[in-house]
Structure formats: structure tokens, C-alpha cells
């Protein structure tokens, strides 16, 4: 059932291309239908595998001579991320409702991207995973370069290059792993059973991890994220921040960490106080948290604030992964979901509700417009989303970061206070942006009347409602997702990790 | 208790907020009346709880459901005397604040909805017994408060609101981190269970064992974590020097909101100390006794003195609230700071805690009323509230200044009014425990008296400032509105048993536990 | 010539023969019957005959696969050679089909004839393990390609390209001849295996080194590896599209196959090693160095290009670099991967040149700016371009990616020693994406010139291109069967 | 307690406020205070059973000192109401002392009795003031006895009760109980003597007051001739007279419920049945104490009479008798022992200074610290932002730029000059051969 998420999406792409260029409404409807369809498929699949344990969906030999299989499988982590993808995809379509320039191409690329993402989350054969991973990259480029706003071509190309450098590193690692294993298979599970030589893991792990983590916005390879997010059209930036960054984190967990667990073992010597790659990446993640938040604190461009906030929040994901504690990693996966939803929401407000109406993202210019009064709905949504993003309890972000920090307390406690600093700064920038954009005091500058702005449309309200509901639901009943995630973390796939420094 | 009364109590204002927001869109008055009615309903509910509450028993009206087992989050509600008292206070203050917010006309439906949300936050905070559950409300109560200040506040509202919010958030984050550590080391987030652990002396070893931090002794770890939690509450109370958000916030907030802030929200901090820090970190508090007492003294004395230096009525009252809460802190630290559970010590601690409880209630009531009077004054002086803007008002608005005088005297601690009882008991309890602290803190009493009397003198007596010769006295409606508060001051002043009776069981048990 | 009569030989070389006959048939028909007809008709007829001829030869290869090893490796017919020949024929067919609509010459007969002769030459080339025959067929191939390059008499560029190609081809031919003669001198044999068995024992003496390098230079010229590439950009740019595609696709396939044969059979025993820090003299290091140079220089130079043809030329060098990796690895897997790679590469390049031709005939030039907004003017064509370029960039699930993957995997399987080269290759292919994306950006993102209406693409070309694109996708999505064929073929010898 | 002693001083706003609200307030308010202490008495006296806990000691001492302190001030006052106010304070001191030394019943009993006769006195004073056209200075009164007989009589009763005139007045019994308990107090005898002195002073200043107000010549007219308007001092109407008489009655009769013989009130508070037993008088030193206090009272009365009653004061401006004897001492008392000045000099000044300091700390130190921290964070943020644009992004862009540049250079190698081809070939050839030769040596 889950496999249909991929098929439906690509089917949607095909049909989109066959549509006549004029049929704008049709292609919108079709896009929405496709997204909803694949989401429904996800739900059905979830209903079928509620336990979160590993379940193979399709497994047919693909390139026998290389032992490559077309192997789709899902565990709780995949399902969680599939749910996320479905939600964000639907919301993204809703928030792209106002795209009328080359609509069908837009949605074709959009759905292709989604299909690729679904593929990554579902494929259990490293080769297949990589294939989908790359498939997801190209549409991003065109979405941004064609429909984007500021410096779109720069942003798009930057994103593409970063992604490709990353995937190049991954490719090297994967091929090397394939060869070294000599098992003539690309199956994740079997590869994870292979005991690679430690010295090999010691260079393969950082290679693959960084390769994926680039896409997860690991500092200092994060700069594609803000530029890309800002340049992208709303729907795309929702997908970028909401889903694509998760691809990176997912790859880190699924491939890098599952295949090369010993890569995180201590080196046996210390450089600048670091004893292992684990420590290095944990620190980088932490720097990402604080640094991203701080940069966001002093941005003038509303969208950049959100862009950097994603860097900061993805830092939590990576930190959680590096804790190697069950709770920390569960928190990381939860944070993937949470950040996906929240960032999507924030970008929707900034890009669609505000920018498409006021045509400026400069916080100082937005101030005098008194958007709090003229766009109360946008203001409300942003406040709620902001609360969620700053990790107020009751929203998904809180539970996620809570668990990540718990893991961090156990793994490397000295980092925790710094993470706390990151959270505080996060609160500061969210609140600053919110005030400057929506509730600025009566200042000079052009105060525009309410009627000057087109009212919030139904699709926007629907999309916002979906995402908000998701965030709050996950915040109040994280158990629902944890039930999926925890068994997945205990699956044999991560035996290596557990044998390693997992506690 | 089959009926989840506490959940209902908490849910009521939330739905109320929705109703007000939806219904009051057109008509500010309607919104206000609706909100008032709703708050009175919850007051009635609280009174029913009060009635149904068994003074002897401890934890009552419990509700308990599993929530997130993986880190010990539970849905657990329940109140003992402390919780009940706090519920009562919030239930009393909120209607007062709504009644005092008549001048809010712009986006009134939003305003009153937020007020009700704030009330929900308060109720949730005072009834929750599991950190996770409690923290949700603890944080969520900030948001309405923030917007109440931000959207309806005075000229410097943005700065004030942000400072208030970020400042408190810093505290919360520290608190959160501390509790993460605890939950890791024990797997529990339940206040009572943690308290039991702490009493059994297992908490500290657990923490030390689980978080084997580099070369840190168990004591250091304990102190580290305690410091985190302490910061969270110290900011909220606030203890000097974590208080700088308060004067601006109180000054800039619309007076109705200030009533809420000082009347109810400031109690959240003290409540946190009583419910969380004192039971769970008893040992650490004992270690840190002296510094803590000094903090409390600083809060008492410097709060009062700073109040003396102010020229704006609201700021004066703000600082004097700091000073009054300082007494609570003094009582708590003294009670928590000393070991030994011989009957005498227990008795003294009980006295101090009794005083703290009463002081919380009384200060809430009195301060709220005072700000209310300031609001009335502002209404008549179109916004002027400088200490020296008035003078001789007693000749033209005798009723107002009579009633306000009573409120002022209550806050000054005149015997016979509620203000006296709490402070007296606190000092009575603290004196035998930490005579020096009590002695120094008495200065605070003196200075407060001077401050309050100065208000009386500058505002009400002396030559009449001709500017106000036309000022109107309290209307009948206003008199009726404030009457209950004033009456309550007398009642509590003369018959504190009303409260002491209800909280006795809790206090005595607390005092007993503190010994161990 | 012991025991094998000419009939036998004729039977063995039937495919080549069919092609040659078809070639003459084309010329004859064009000369004698179609003197009055318009270019289009003549091209159609010629193409038809050529296609039939190649088809026949294909059928022959398919129906009656032969197996033979004539004395001294004069003629080696085995599954591998059959497979390669089949591929060559397919490429030729495509090239010819794409040529049908072109208008650059009056001498249709001669043109198609030369294409077929070149094809025949390539077929001979790949089915021989004898330095003499190799050299002869190489010369035949080169000569026909020179002419094909300079064929567009109207265009000065074409002439220039032809001259340069010829000059440089001459030099490199000289080098190769010198090298081969040295080999003969050293070994006293003209068959690769003979040479190998003769030089194997003594290891690598300076003479052999010189011979080796010279041979490498000769073939490096054919495969346009840096630094022997200098002819390529001009030739790619100047030559008429069909010739260019033949040069870029067919001759590359043939040259690489024979290059591999020469090195792996002829210099067996003199491999040496290019492993990091475990360096040993032999042809592997030479090839490795050349490969590295090709990747770096090809990719970098491609970034700066503004003409699609030149861009393709430089990317061709880069791809040559990747393929040399397989030679450096010199295992049977690597050969298989090489063959897969070069097939798919050839296919893609033919397609790419087809697109160039289609756009050129409309806009008159191949500047990147002329592709702006193509997706609005010719959606289907743009889609094909997308497929071709992404495949060249190595994006899954297109053939190019799998080619690269197999290649690198094979290279590593020969030992982790080549890891540095693989990493370089992958990094460079990441760089390569940049310039391919630039082209695609022009096509999809940029807006078409205001005046431009829909672009007219001849239906035949379009269908052919679509077929190629489809093939590229299919070879990518299901590389299994082709890979099996190749592996069987490789392991069969 | 300091509050209350300070409260009636007319200068301090508290008193004004109090007098504004209602005359009875001081009594009532302070009564509440005592009552409260009485209520929490169990709390206070817990622990060491002998009723001498620290709290109680504090109460006792404060009470005793207040009693004497306030009384001595009252001696030299000339405002009728202020005298009463200070006497109230001093009586409160008694009550506190009583609570401290003797427990609830003692203090409460005096509270009750005092409430009545002090109410009586205030009312009487009111009536007097009313009669004298709002004149409050006793030096400008005198001889009012004949104009206001009822007031005079009742006032006298109140006065005697307050002084604790033996046997017939409630004040005597309640005060006596206090003194008795003080006498029995283990901790110290000083409170007892304080009480004695207080009693003496009370008797003295009350006599003085009465002499000034009701006896002697009329000094009223000297100020403003009220007679011109024919408004001679006149007795208050019944509305005032009746309460006076009722209160007077109580002032006398209350004594019945608190005698040691029949301690009904004590019993009422303790909940035991009350019994009549005159033998109790003989118990531990009751009689001696009674006698002593009576003597003291008589002494005080006598002194007062000797000084003020014997030869009446003719002139309002005439210096006070005491003043004539001890000008310095009297002035001290008259100026209320310079309490206000003391406060002004010490507490208030210190307070003002402290306030300024705290305000400074608040504005600059605490808040400054917060500001500094936040600015540091902001600074760091800017730094990070600069790093991001200046280093990370810059690095990326420059890197890409470098590649592009390199590609240009490389592309320029492609000169297109056929002549250079051979050169390049040659170079490549030699390089490769050298490479091989060099490597084969190694």
C-alpha cells in the first residue's frame, strides 16, 4: 500500500504533463488530488503496519548482476516521515494555489519532488535510496529557479551544487561500502550486518554522514538553506524546509549511522579535545543550533529569519542523532516531523500570506502596515506557529526538543546549557520577528488600510489549519508517533549502533 | 471523585475565551459582561471545591491518566490546601480585573478572551502535579499575558512585553533543563513522587549516578540542577536581582492586566517554590540557606526602598509587591533552610508557612485592589498617576480615599486588616529560625509603612490640587464592585482561621516533611 | 593463411561486407538515378538504403553469431566483437536517420557512403587483435572522418575543423605507428597476444615505455583524452551534426574497445599500478594520469563554454577520463562497465547532437542563448534534451548514472588503490552538473525571445530523438539485460 | 507596633487619615491588633510551655516600653484628643504586656474594659470640643464642669477607670491583673515596674487633663470671645449624653466580671465554669499587688492635683506647672520625645538615601546587567551573521568563482593554433615517459 505513495505521485507528474497548458484549475485540482491520494495511501499503510516494526513492501531483483534490488520497506521512522511528507505536500499545494505562471509545469516538478522524497523514505536498498535521493534534487532546482523570487537562480544553483557535492560524497561512501562488503548486495539490512573494518568506517562514516548532513543543514554547510528557502516559491520552500532537509537527516540515520556504527567510536586519540566523530558532529550540530538562532535574530528579511531558524532546528535533529541514546534519537525523529510541519507553516505565513500580499519581506517595512490588524488570521497563525517553533509545551516542537535534550544530557551534558542558550535566542528571534512584522507600534511609514490587502483565501486557511492541527496533535499526543518510532529504533537495522556506543 | 472537577475548572475558561472571542466581536460591553459572568462561574466552582474540600485530608480531587510513558509524563491533577488557596485567589482576582477593565474598548473581545485564557493557565498551573503537564500551563499563561501587555499597554509596551516574555522564558528554559536532568536520573516527572524520592534521600544519589559529570561531586550536581530550577522561579516571583522585568511590565500593562500579573501570576513563582523546590530540593535549600535568606532580605528591603524612590503610583505599587513577595520568600527559605523536626521547630515552620500562604492570598487580594483603585484614579485623572500629580483628594473624593486608605493600610500591614496576619505569622515563624534575617527584614516593614503613608499623604491629604476640584467620587457601581474586596480584607484580617483552617493539614504536613 | 579459405573469411566478415556493399549501393543509386531529385529525396533514399544495409548486417550478427580467431589475431570474431559491432551499427543508423533532414551538402551519396565506410572501418577495428589490421582500420576510419568533418563546404568552420582534425590525426597516427613498430621490434610479433607473451618476462624497459606512451598517445587522440584532445572542440563545433555525432559516438566506442584490447592484451604483464602511495610503473599509471587530466580539464573547460557543441566536446573529454578509469582498473568487470558506459554515452551523445542539429537549423547557431525558453517553443524536444543532459550529468534513473555507478564500482573492485581517482571522478561529475544545469536553465527557466514562435522540428528527427531518450531512460531504469549481454560477452572470451 | 505608637502624632498623615475615617478607629484598629495577637496566642506560646517564648518576650517588652513611653508623652500634651490618643497607645502597651506575661484572658480583659472607657473618654472629649466651638487645646478650656455636668461626670468616671482607681472601676481590675501577671513573670521583673511607672503617669496626666478642662477659671474667652455671639459652652444633646452615660455605666460595671473573686471572663475564654471564691484574693501576692497599684494610682492622682488642681491655671498662655519646674524635661515630653525628629534625622534620612541607592542599583546595576547580557547576545548574533555572509557564503561564492576562473584559464589553453598542438604533444609525451622512467626506478 505504501508503495503507492510513490506511484501516485509520479502518475500525477505524468498526467500533469499531459494536461493542456491552459487548464490551470485542473492541474491545481489534480495536484491536490495526487497529494491527498498519496497521503491516503500513507494512512492506509500506517493502518496496516501500526506497530512501527520493519515491514517489507516490495522486493524484486532489479540488477541481479550487482545484487541490486527494487526493495521498498517501511518501519516506524519511514511512516512518520511519510505522514509528514503527505501533510506538507497537501498544505504546499494549497499554499501554491495562486501560482498561475506555467502552473502545470510547477506542479509537475512539485509532484516529482514529492515522489522522490517518498521514494527515499521507503527504499531499503541503498542504491535505490540514492536513486530517489538524486531524483528529488533536480525538481528543486527548477522549482526555485523558475518560480522563485529574490536571487532565485543563485539560490537554486547554490542549492543544487551543495546537494550534488553532498550526494557525491554519499556516492563515494556507498560504492566503497558496496565494494568493501563484497557481499554483492545493496540491501541496507544485510549491509548493516556486515562488520566493516573499523579504519574503513572511520573515514566512510564522516564522508557519508556529512554528505547527507549537508542537506540537513549541518553547520558550516548550511548556507544553501537560507538562500534556497528565501529564493524558493512558498510551496517549494515549504517542501524544502519541511521535507527535503529531512531527507538529509534520514540519510544520516538510515545509511551513515546504520552502516558505519563503529565510525562513531573513539579515535583513541584526542584532537582539540575531540575524541570521536560523534563529538565533532555533536558540536557542529550545537553550533548550528546557536549560530542559526543568532543569525536569525539579526535578519532584516522576514523569510531569512525563518530560513535560519530551520538551520537551528535541524541542529536539534543532528544533535539528537549523535546522542546515540534511544530517547535522543526518538526525539530527533520527532523533531524531524515537528520541524517539518512548523517550518512549513512559518514559510506559508511569510511567503504566501504576507509576501504575496505586501510584496515586501523587510521587517522594517512590514511594521507600519499593522498586519496584526489588517491580516489577523496571518498574525494568529504566525503567533501559534512561532510558539510551536520556539518550543512551547503543547506543541510538537516541545516534546521533540525535550527528548533530544534529555538524550544530550546523558551523552554530552556540557553542551546542554548551550543548547538552552540556543532555545532562548530562538524565542528571542521568533518574538522579534513576530512583533516587528505584525505588532509593530504605530510608527511612521505607510500604514495601509485593511482593504488594501486581499483577504486570506480558503485554501490558505485550510492549509494552515492542517499543519497547526498536526503540530498540536503531535505535541499533545506524541505517543502516537513514538509508538511508531521506538520499535523502529529497536529494529535489527540499528543492531550495530546498539552494539556500539549506544546506551 | 467521579467528576473531573479540576479538568472542568481548567477547561471552563478556555471555552469561555472562545465564546467571548466569538460573541464579543461586535460589542465591547457584551464581551466584558460575558467574561465577567464566566469568571464568576469559575469562582463559584472554586467555592464549591472549597466547600467540598476536606481540610484534614491532603491531596484531593485527583485525576490521573497515562500520557507519555517514555519520559514519565502524566496527566495528573489534584489540589491540596495550597492548590486550593491559589485557585481561590485566581478565581477572585480575575473577576476583579475584568471589572476593572471597563476602559478597554479596542478589540475588547480579544482582550477578555486573553484574560480568560490566562485564567485557564493559572488554574492549570495550580492543579497540575506532573511537571510535563504543569509546564504546559506554566508557559501558556505567558502568552496571554504577553499580548495583554503588548497590545493594550502604555507607551513603552513593546519593550516591557518583550522583556517580560524573554526574561521569564530564560527562567523557564533553565527550569526545563533542570527537570530534564531530574527526569533522566529518576525517570519520573511527578512532583509528589519526586518529593518522596527526595525525602527518602534517593534523588541526589540518582542524579549523581546518572549524570556522572566530569569530576563533580553529588553536592555540586545537586546544586547545579537546583540552580537551574531556582532561576526559573526566582524570575517569576521575582527575587531581586531577577526582577528588572517587573516594574516596567506592571507600569506599562493596562491596569486590569497588572492586577492579574501581581494578583495571580506573581503567585505562580511562590507556588513553584512551595510545591516544587521546597519538597524536591529540600537538601539543596538547606545547603544554600544563608545566601537564599540574603536574597529574600534583599528583596524585602531593597524592594521597599526602591518603591520609596519611585514617583509613579503603579511603579511604587510594583516595587511594594516585590517587597511583599519578599516576605513569602523569607518565610519559605527560613522554613526550608533548617533541619530538625522537633515539635517546636515544626511549629515555627508551620507558622512561617501559614504566614506564607496567607501572605500570598492577602497580597494577591490587596495588591489587586490597590491597582484597581489606581485604575479608578487614572480614569478620573485621564491617565495621570504621578505621586505628585494629586493632593488633598480626600476633601472631594472621601469615599474613594477612605476605601483606598483601607486597602493601603492592609498592604502596610495594619493589624485588623488581612495584610497584617500573613506578615506577622511569617515573622513569628522566621524569628526563632533565623533571628538575624527577621531582624533585618523588619526594616522592610518600616520602609513599606513609610512608602504607603507617603502615598496617603501626597495623594489624599495636604492642600487640594485645584486641577482635580471637579473629580467625581466613586460611583455606586464602583462602590458595589470594590465592596467585596474591602470586606474580604476585614474578614481575613479579623478571622484568618477561615483560611488557616483549610490549609492547616497541608501546612503541617509540609512542615513535618521539611524536617526530614 | 593456414586452412581458412576466403569463403570462410567472407562468411566471418559478412556484417562488414554487407555494410560496405550498402555503401556502394548508396553511391550508385544516388549517382545514377537521383541526379535530378532534391536533396531531401536523395537523403531519404540514401538513408533508407544505409539503414537497410546496417539492419541487414545487424540481423546477420544476431542470427548467425560467429566465433573465430584467425592467425595472429588478424580477425577475431567473438560475442564481444559482435556486441560492439551491433552497437556501432545502431549508432550509425541513428546518425544516418538524423542526417536525413540536414541541408548542408549536395553530395548526399558521398556523404552517406563515407559514413558507412567509417562504420565498416570501426567494425573491422573492433574485431581484430593484430596491430597491423588495427592500424589499417584506424587509418580508414580516420580518413573517412576527416572528410566527413570537412564535408560542409559552405561553412568555413567545417573546413577549418577538417584541416585541424587531419593535421592532428596525422601526427598522432605517426606516434602510434612509431609505437607499434617499436613493439614489433621488441617482440617480433604483430599479434597482441604475441607481443604480450614476448614482452611479459622482461618487464618494463625504456624502449617499451616509449612504445607504450606512444601507443597511448595514439589512442588518446582517438578517444580525445587530455592532452591529446586539442582537435576535439574545433571538430565537434565545425563538423556537420551527423558527422560530429558519428565522431563523438561511434568512433569513440570503437576506439575505446580497441584501446582496451591493446592495453589489456598487448601490454598484459606491464600493468603497473596507480594505487595511492603504491605506485608502480606500467600502463595503468599513464592511463590514470591521462584520465585525471581529462576529467579535470574537460569539466573545468566545459564550464566556460558558451556554445553547446564545444560544451559537448569538453564534456566528451571528461567522459573519456571516466572511461579511462575502467582501463586503469583493467578487470573484466571494468571492461564490462566500460562497454556499458561507452554504449550509453554514445547513444546519449547522438541524441544531444540531434537536438543541436534541430535547434541549429532553426536559429542558425548553437550558442547557449539560442536555447533560452526552448521548453515553451518545443516541449518534447526540451524533454529529450533534459533526459540527455541529465544522463550525461549522471542523474538517476538515467543510463548515464548507472554507467558511472558500474564504472566506479568496478574500478574500486579492482582494489581500493584507485579510490583517489574515483573520488576525483565523482567530485568532477558533481562539478559537471553545473554546466549541464546551465543549459537546462536556459531551456526551462529563461524566457524565450519575444519574437520566437514554436520551434519546428522535423517529425522524423523528433521520433528518433524520442526513441533515443526512451532508450536512455529504459537503459537506466532497467540496465539489467544489457549488462547481462555485455557480461556474457566479456566472460565468453 | 511602632506603627501604632507613631500613628496618633498629628503631624504624621496616618493620624489624620484615622481621625478622618472615624474617631473610634485607633481604639478599634489597635484593638484588632491586640485581638489578633490574642488569637494567634496559641501559635506564639507553643514550645516552651511557660508562656515565655521569644515571641511572647518580644511582645512583653514592646508592650511595657510602649506603655511608659506613650504615657510620658501624654503628660506634656495640650491637645485633648492627642492626650487620649497617647494614653490609648500606652494602654495598648499594657494589653500587649498582659498578653505577653499573663496570656489571653489578661490581655483581652483589659482590651474589653479599655475599649469601653476609652470610647467614653473620646466621646466625652468630642462633646467638650463641640461645646467649645472646636477648640482642642486644654489650656484654652477650664471651668467647663459647670457648663457640662453630664460630660464632666461621665468623663470623670472614664478618667478614674483609666487610671485604675481601686475596686469600683473596671480599669483597676484589668490593669491589676496585668500587673499581677507581670509580677509573677519568671523572665524579668522589669515589665512589672514599667507597668507601675505607666500607671503612675496615667493617673498623673489624666488628672492634669481633667483639671485643665473641667476645673479652674474659664480661659476660653481669651482666645476669641464666643460670648459675643452669646454662644456660651452648653451641654451636648441627649444623642451624645445617653451614650456617655451607658458607656460610663459599663466602665464601672465591667469590673464585676473580671475580679479574681469571680473571674467570669477568664473562665469564658478558657471555657471553665466560673466560680465565686473570695479566697482567691489571698492567693500568691494578689493583694500586695492590688495595694501597690492602688497606692501608685493615688500617688499619681495626688501629684496631678497638687500640680494642677491646687491652684488653677489662670491664663492660657501661662506655662505649665511641670514646665515651670523642669522646662527642659517638659519640652522633651511636649515634643513627643522628639520621636518625629528622631525619625526624620535617622530613619527617614537613611531611608531616603537607601531608596536612592536601591533605585540606582535597580536602574543601573541589575537592569544594566540584563542589558549588557542582551547586548552581548546581539553582538554575537551580528558576529555570526557577518561570519555567515563574510566567511561561509563568501567562501562558497569565491570557491565557485575560482572554479569558473580556472575553467576560463583552461579554456584559453585551447588557442586553436595548430602549431601549438605538436608542442603540447611533445611535452605530454616527455612528461609521461619521464614519469614512467622515474617511477620504474623507485
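Think of it as A, B, C and D in the order they're written, each chain with its own count starting at 1.
Note that in this section a residue touches a chain if its C-beta (ideal position, glycine included) is under 8 Å from a C-beta of that chain, and two chains touch if they have at least 3 such contacts.
From a predicted model like this one, the values you see are computed outputs, not experimental measurements.
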Farthest chain (mean CA position) relative to chain C: D
Chain nearest the overall Cα centroid: A
Pair of chains joined by the greatest number of C-beta pairs in contact: B-D
Chain centre separation (chain B, chain D; CA means) in Å: 25
Distance between chain centroids, defined by C-alpha means - chain A, chain D (Å): 66
Between chain B and chain A, distance of the C-alpha-averaged centres to the nearest whole Å: 42
Chain A residues counted as touching two or more neighbouring chains: 161, 428
All pairs of touching chains, each written as two labels joined by a dash: A-B, A-C, A-D, B-D, C-D
List of chain D residues in touch with chain B within their complex: 2-4, 12-14, 16-17, 20-21, 28-37, 39-40, 43-44, 46-48, 53-55, 58, 347-348, 351-352, 354-359, 361-362, 365-367, 369-370
Contact set on chain A toward chain D in their complex: 158, 161, 220, 222-223, 227, 291, 294-295, 297-299, 425, 428
Complex contact set, residues of chain B against chain D: 163, 167, 240-241, 243-244, 247, 301-303, 305-310, 343-344, 347-348, 351, 354, 394, 398, 402, 405, 412-417, 420-421, 424-425, 428, 431-432, 435, 446-447, 449-450, 453-454, 456-457, 460-461, 493-494, 496-497
Touching residues on chain D, where the partner in the complex is chain A: 377-378, 380-382, 384-385, 387-388, 392-393, 396, 400
Chain A residues within the chain B interface of the complex: 327, 330, 372, 383, 387, 390, 392-394, 399, 402-403, 405-406, 409-410, 413-414, 416-417, 420, 423-424, 427-428, 431-432, 435, 439-441, 478-479, 482, 486
